[in-house]
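Okay, so chain A shows up in both of these, paired with chain B first and chain C after.
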Partner chain A sequence: MAALCGGVVGSSFCRNHQLFRLLHKSFIGRLGCNHVAAQHTAPSETGSAQEIIIPRKKKWNEEAVLQALASTVNRDPTASHYRFQDDAFLTPKTSSEFKLFSQSQEAGKNAAEYVVNTYPKYFTKDYAEPHVPCLMPDTLKPQVSDVSEGALKELIQLRKVRQAVSMYDQLLQAGTAVSLEMTNDLLDLICFYGDQDPQQEETPDQEKSEDGEEQELPPKSRRGRSRKLEVWRKDNNAERIFNLMAERSERSYSALIRGMVKYGAQLKAFDLYADMLNNRMSVDVNTFNALIIAAPEVRQKYNEKWELIVEILKQMKEQGMRPSLLTFNAVLKSSRRCGPAGRMQALQTLSEMKAVGIEPSLASYNHILAAFYRTVFGPSASFSNVSSDILHKVMDEVSGKSFIARDPDDVHFFNYGMKICCSLKDLGLAYRLHQLLGVGDNWRFLGSPSQEAHYYGRFFHLICMMETVDTVLLWYRDLVPSLFYPNSGAMRDVLQALDTDNRLDLIPEIWKDIKRLGLSNKAGDLVEEVLSLMARDKHSPEVHESFAECALEVKATYGSGEQGQVTLDWTASALGNIASILLAAGRTKQAWDMLPLFKANNRVPAEKLLDDFLSSAMLRGDPQRAVTLVQLSASFSLPATARLAQRVQQECELNEEHKTLLVELEALSHDKD
Partner chain B sequence: TVVAERNNSLSRISSAICVTHGLRAIHATATCYKHHAARIRVGKRDKPVTYEQALHPHHIAHRKGWLSQHTSNLEGEAGAAERTVEDVFIRRFIFGTFHGLLADELVIKRRGNVLVVCALLVQKVGPQKIYFLIGYTEALLSYFYKCPVKMEVQMVKDRVVYKYL
Partner chain C sequence: MCCDGCVTCVSARHCRPLYAFAMYRRVFLSLSHFQQPVVFPQDACIYSPKCISAATPRIFRAAAPCGYRGLSTGSVLCSEIKDEPPPLKTKEKAQEERAEETSPQTGRSGKEKLLALLGDMKVQVTTKRRARPMAAAPGPVQKRPEPRPGEMESTISMFQEATAAGGKRDTLNPALVAAASAAAASLPDGSRVESELLQQLRKHEAVVQAQAGQRADGRTLGNIIANMKVGRRGHPNQQGARRALDDDEDDGAAQRHAQARGVGGGPDGERKRRSQLTGKRLNIFSKTAGQDAVAAPTLTLWDLELANAIAAAVKAVPRNGFEEMIQWTKEGKLWRYPIDNEAGLEEEAHVPFHEHVFLERHLEDGFPKRGPVRHFMELVVLGLAKNPYVTVNQKVQHIAWFRDYFRAKEDILSEAGALQN
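What follows is the complex of A and B.
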């Protein structure tokens, strides 16, 4: 289509064609775009608000078509996430809708899988060539029903922890010897799942009780993340079976040690490790990794912790085990807990990694950053010991490379890096980090949607603080709402940026976005800030006009809405600001309609507001209104009543009844003094 | 065939020149029924009807498109009957799953291995219910036909009326 129109552009036949007009509009916007590769520079504005004048003849650049096609390759900032349908009714507008819609789609998928697995006979006909195993129904019910090793094997495969344990016990009671392999598999299963049946994929808020037995889950909150970590119980099935075993191989020890470390019984793990050494068994790499991770928990002082880690590494060397990436990452992770000395060790570990020839993964860099910037985020945040070069050096190492996921901790790198950039207020680094995200497959390392939201929230916060309002708006249009839904804090940053650069005339558009994001009903202070910014300064008449329209919309969010709608309570400043905005725009009737609302909602108007009203009433030569104003202020028993009354008497032409009224009110207010 | 008797001398003479004036013959041929396929006949002008329903099948490829797009009707391609049966099942399945929500007939497209079901739905229920049903149909039909099934949904305020017949 683009090629077609590019070819016939000059001809008069196409000039009047409706489709040509549409494409022409988009071409103008696309040709204005920066080069695609320089993604860290902000994208330029599409000509959506410009006047389109179609020339008689246009000379196209030779690469115009290519440029237009190239601009479609990148992310479309107007589209929502790919998992949603491309329809206005079905696109999520707030972050809660995002979560709701994706979860309901998941729930539908789970319902279908339930149906398929409950009635598998309807889904067994195989059309696919070659065979697609993931689209066949799962057999989740065990087939073998008698008590035998085959049944045990099946239960282990189906991940049924409790049933497997009871089957094992039955086998032992019946006297059949269970092979070492099978017992090791069973131990692996129990230790991996911590002696509980694996629960379904659940959100962190849900909690399920398995088979009626209530498990006591002490919520251990680990750094920033609260995960209900199950504790290694004393009367564990794993330990019991382990003790019952006649001969134990390295695999059994290994399974038990790793299970203990995973579920918090580190001391026992070290005891078992000592057992292994006494029995002169060879320990494998994964067990060593688990022990290194557990090391900081079993010693108190920093140097003792590090010594323990070094000892484990020495023993590893004695046994002839080659350290893997996970070993080094475990050392780095543990050295974070080893105090200030741990930092130097961390750097040395990194150089050793390179010497051995293992490419550091994002997790390694994450641990190093954490070791160095730990003091920046603690309760006593100090920049004294921090050499901020580390992040620069890390970025130098990492720029331009595409990573693969090799360690579960890789996903924390980007988030942590952006957190550091934010606290260091370094915008250049932030842009470099963001550019790294665009390389190859690195987008996968953003993690879960909540982690993504944190990342983009911090990035946007940094941009709002440091950049001019034009750049802020460009990034705003690029990121919102396709990549992240800003909360009220982020919108306040935008308003602040507008205020700093004197672009307050854009507030009505920002207000529309605020309403669409659903923040207008929840964040009362954000709405008040919008109003106060509009009411503050003097602007040109068109701007005041747009402000007045906006103020009327804001008025609708306050007060009594339709049934079921959450609305905000009126505050004095909100009422006052709306009234002054309406007055400034010259909409006197609507402004005067605001005054009864003060009384209705029990809010006291400010003195300055009353002065403004008085000035406008006198401009229009309306003494009746002026007198009602003084009456209003008297009803609130404001100290300014006397002054207002005097002003009215001096500046207005009053008839007799007005004068008597005023004299009464003045007397009243004087009495009160 | 039965031929009526010619009593007229005039007709006897004119029969030589084969004029069948006054000749009455009964023709009997096979019955030619009226076409009824996919047609809604004009009535009291109170029945709202969509564009798809209003145009008769002989307008396909002239004013209408196809509701089911696949390549098995091309020369040398196999599987047309299987595709048709699949289509019928899919239409009934989705009619039942999205009960009361379909605004018009489904359009089913096959691109390579993927089955794309394009539906036009009415905005009767909230978006989270629609997403639940979409996730459910996509998964179930994928398991059933062993190929990826995608839905492309467009929401419409009301059934779009083209004419009243």
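What follows is the complex of A and C.
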């Protein structure tokens, strides 16, 4: 068996061997061919291909894979924001719900964090392997209890300003020398927090102040407002410790100057700066930046302010300091307060920035825009001398670039730019700005949710004003409600756009959105506008039919006052419009049902409406209804009663009873006249 | 041969527009001999920006039929073209080579061959109409005087002349006529052949004219090429993905991208400002002046808080699951990519594996060289070597513990005879 097998295998191998040799030959031949071909083409390859550059080894960061994946996910215009997707029940439908849900989500997180940090003894088990620090409670209580430099260090790290100051005093009283480094750290801490303990929870307060401030102001004033609460008190701990110090380094001065600028003691800051110069100390960039910010406060006249800034910059140059992006942003920010000449100076600063080789950030452009367009939003708004030129130029520079946040003010650019676009009514610019927002990670610069809402609100307003209704609806479907919850103003814009392009037949659809957005029982004037637009013109019967359906829905929102729910008050025009919409759609019965509501709500119907009702009654040959109508009119003591009565008498076939009634009514109204 | 075309096209991307024009022409000429003209329009699209992509197919509508007629001479030419480094060779040189290459064909005669050559020549007519007679058919070329080198000094002059020559297109080029008559003279019944040839030529010319007439605005090849800009077009999504992958991405690409977009023109494409926001400067700082601010020796509270403020300003709620995962990764709640089984082993990362595995060296001193204690310790070491859960330090301490233990029990051990040396 085995031998047989071997024989078979052997013979087949022999055969195969021959075959293999053949194959091998041809293979070699082909190889040779290839070789020749390779030689043949080689020179042309080397000639045409440029030098092979071996790419540098790239170190990918941990998020690179995730970032690549994230960039493949597009926004779904029909879905709500990702953060609400955990619970379909909590999908926000209105802007207030959006605010409520997102804030409660934040608040929940903060509360959990607070509990964990307040009671660390209950959260000692470390579940994570490897250890995840952010899941464990932060130590907020100082661990070192004795009076030592170590304890002071810990207090500084925990940012306990008051405790740290008293610890420092105790150390001094005990005669222990505190190192310069430690004292500087302490000074930094005191100056940063303005000699007050930092508030426990900063973030919720910020949110609140931002949301409360609906008519959003330029960033400067907002910060100014929050800072007014804290001032640099005379002879506070920072100054006291500073005076106690045996030797003072540049850092001590720097900390004090920055603190003084931050808390509004600009003059003192400049005094200290003069001290530094007298002591021939070198001033660091951050201190210069703080001084530039403070410069407009210590001079009265515009040109003096600018001269001071230039002087500081020259001093910087003299000291051999290289300006940073923040330096120039500070100059630009201060140049906003240098009057009309600030514009030229801002542009010069920007050129200087580029000449020095510092790429401007979005905040730089924002400051320039603010310097140029401030007058647009000021009390004496004048559009005459303002052109969109500078924004165009800025857009030329920034378009297509993806920015990285380098300045806290970067986030104001988009909102402010859109504000300008809106004031200048420049749709093209707005589109360019919006396109820029889509580049790379630029969407992050929209800022807080309220800023985002303002941005989209303005953008949409502009589109409604300038675009055809089809484009408006495209944008509407794209933005609402995944990015933007329109308010009643925005919905009115949509209605106006529909009106201008004669697409009123879309109103029922818009009404559905109005209802979903929760505006139907809040914005009475919006509802009335919907009604009046539907009642105004003649349309095809189908359109009238859909209008009638819609009008009945509107009527339901007025009437249905479920307990606790705020409903709108009926107005005469609302009642009249609904009635005439129903009449136009031929829904006579439902229209007649509207009439008693006038009486019930103490509203007076318009004459035209009564005429319409009369016509419809005549058309159907219903004298009973016609007479009732005249009676109704008489009960409102309308001057038109007589005319209506005459009309009924002339055009209807009446029985005796009706006739006498009408005559009476007519006489009554004449008497009144 | 299509390979050659590809290479040319790709390298054209890196050239200045003017040079690209030369290349374009060259490719165009060589293409006419290729069997697969289809390849080229695709390649052309690679480096032709959007604005002329509408015009490009037209050229090929004219060129494509000729390409299919690539005949016997075509193949000879192809091999020759492949040899030359395409983008670097001047037009002139290529022409000379071509002339040399085709000279052996003089021996070939016969009417059908000539007609075949004419079919080839038609291609040359299409290009020559605007260019120069030097690009004439390979067959008759040998009879013609060699093109003067000065004529082809630069592609620019050719281009200019080409546009200038556009006016006299209704008559046949005299050089062509001369070439045709020369070719006919070599055959018997020369006059008849010549008239046939000329007739054929006129027919082609008419066809070409008709096709040219379809370009309503009278755009010439030159115009199209003059309008052409060499740009790079990439799918925005792809670019975004690439950018996300690149940790330190080059800004140049983004700028080029922006420029390419700018060419496309937005709603205000007509609004081109060269000098944007550049003008007088303050002239306080100079680019090199000022040492780089002495890097702050310690990270002060101010720096930390500034970084926090910036991060808080742009801290956006994640828009999708991946972004949420990025956030978690940053917070340290998620495994870090690339995922391996060494996460969280930061302090062990710089300990080489042999420290973990080869622990015998710790038995060198303090333990007997042989005997039951040694045997026991070898087992201990073996166990430790296989234990991934303890650090090297712990392992060494473990061994040290036994060392002390056995040292303390030395008298008992020696009494029991376990320490025989």
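Please note the rule applied: the second predicted complex is superposed on the first by the 546 of 673 C-alpha atoms of A that agree within 3 Å, B and C clash if a C-alpha of one lies under 4 Å from a C-alpha of the other, contacts with A are read in each partner's own complex, and residues count from 1 in each chain.
Heads up, the rule we're going with is that a contact is a pair of C-beta atoms (placed from the backbone, for glycine too) under 8 Å apart; a residue touches a chain by one contact, two chains touch by 3 or more.
In this text the structure is predicted, and so the values were computed from the model without any measurement.
J.: Which holds for A:577: it touches chain B only (first), chain C only (second), both, or neither?
T.: neither
J.: After lining up the shared chain so the two structures overlap, which partner does A:107 touch, if you call chain B first and chain C second: first, second, both or neither?
T.: In the superposed model, A:107 contacts chain B only, not chain C.
J.: Given the touch rule stated above, what does A:135 touch, chain B (first), chain C (second), both, or neither?
T.: Touch status of A:135: both partners.
J.: After superposition on the shared chain, which partner residues are touched by A:258: those of chain B (first), chain C (second), both, or neither?
T.: second
J.: By the touch definition at the top of the document, which applies to A:557: first (chain B), second (chain C), both, or neither?
T.: The answer is neither, since A:557 touches no partner chain.
J.: Which holds for A:352: it touches chain B only (first), chain C only (second), both, or neither?
T.: Only chain C; A:352 stays clear of chain B.
J.: Can A:123 be said to touch chain B (first), chain C (second), both, or neither?
T.: Touch status of A:123: first partner only.
J.: Specify the partner with more touching residues on chain A, choosing between chain B and chain C.
T.: Touching more of chain A: C.
J.: Which parts of chain A are in contact with chain B and also with chain C?
T.: In the superposed arrangement, which is not itself an observed complex, chain A uses residues 102, 132, 135 for both chain B and chain C.
J.: Along chain C, where are the residues that touch chain A in the complex?
T.: Contact set of chain C toward chain A: 4, 7-8, 11, 14, 82-88, 237, 240-241, 243-248, 254-255, 257-258, 261-262, 266-268, 271, 273, 276-287, 289-294, 296, 298, 300-302, 305-306, 309-326, 329-333, 336-338, 343-345.
J.: In the complex, go through chain A and note every residue touching chain B.
T.: 84-90, 92, 97, 100-102, 104-109, 111-113, 115-116, 122-123, 126-128, 132, 135-137
J.: Using the touch definition from the top, list the residues of chain A that touch chain C in their complex.
T.: Chain A residues touching chain C: 40-41, 43-45, 47-50, 58-73, 75, 81-83, 102, 129-135, 181, 185, 188-189, 192, 251, 255, 258, 284-286, 310, 313-314, 316-317, 320-324, 347-352, 354-357, 368, 392-394, 396-397, 399-402, 405-411, 427-428, 431-432, 435, 440, 443-447.
J.: Which chain B residues qualify as touching chain A in the complex?
T.: Chain B residues touching chain A: 123, 127-140, 142-147, 151-155.
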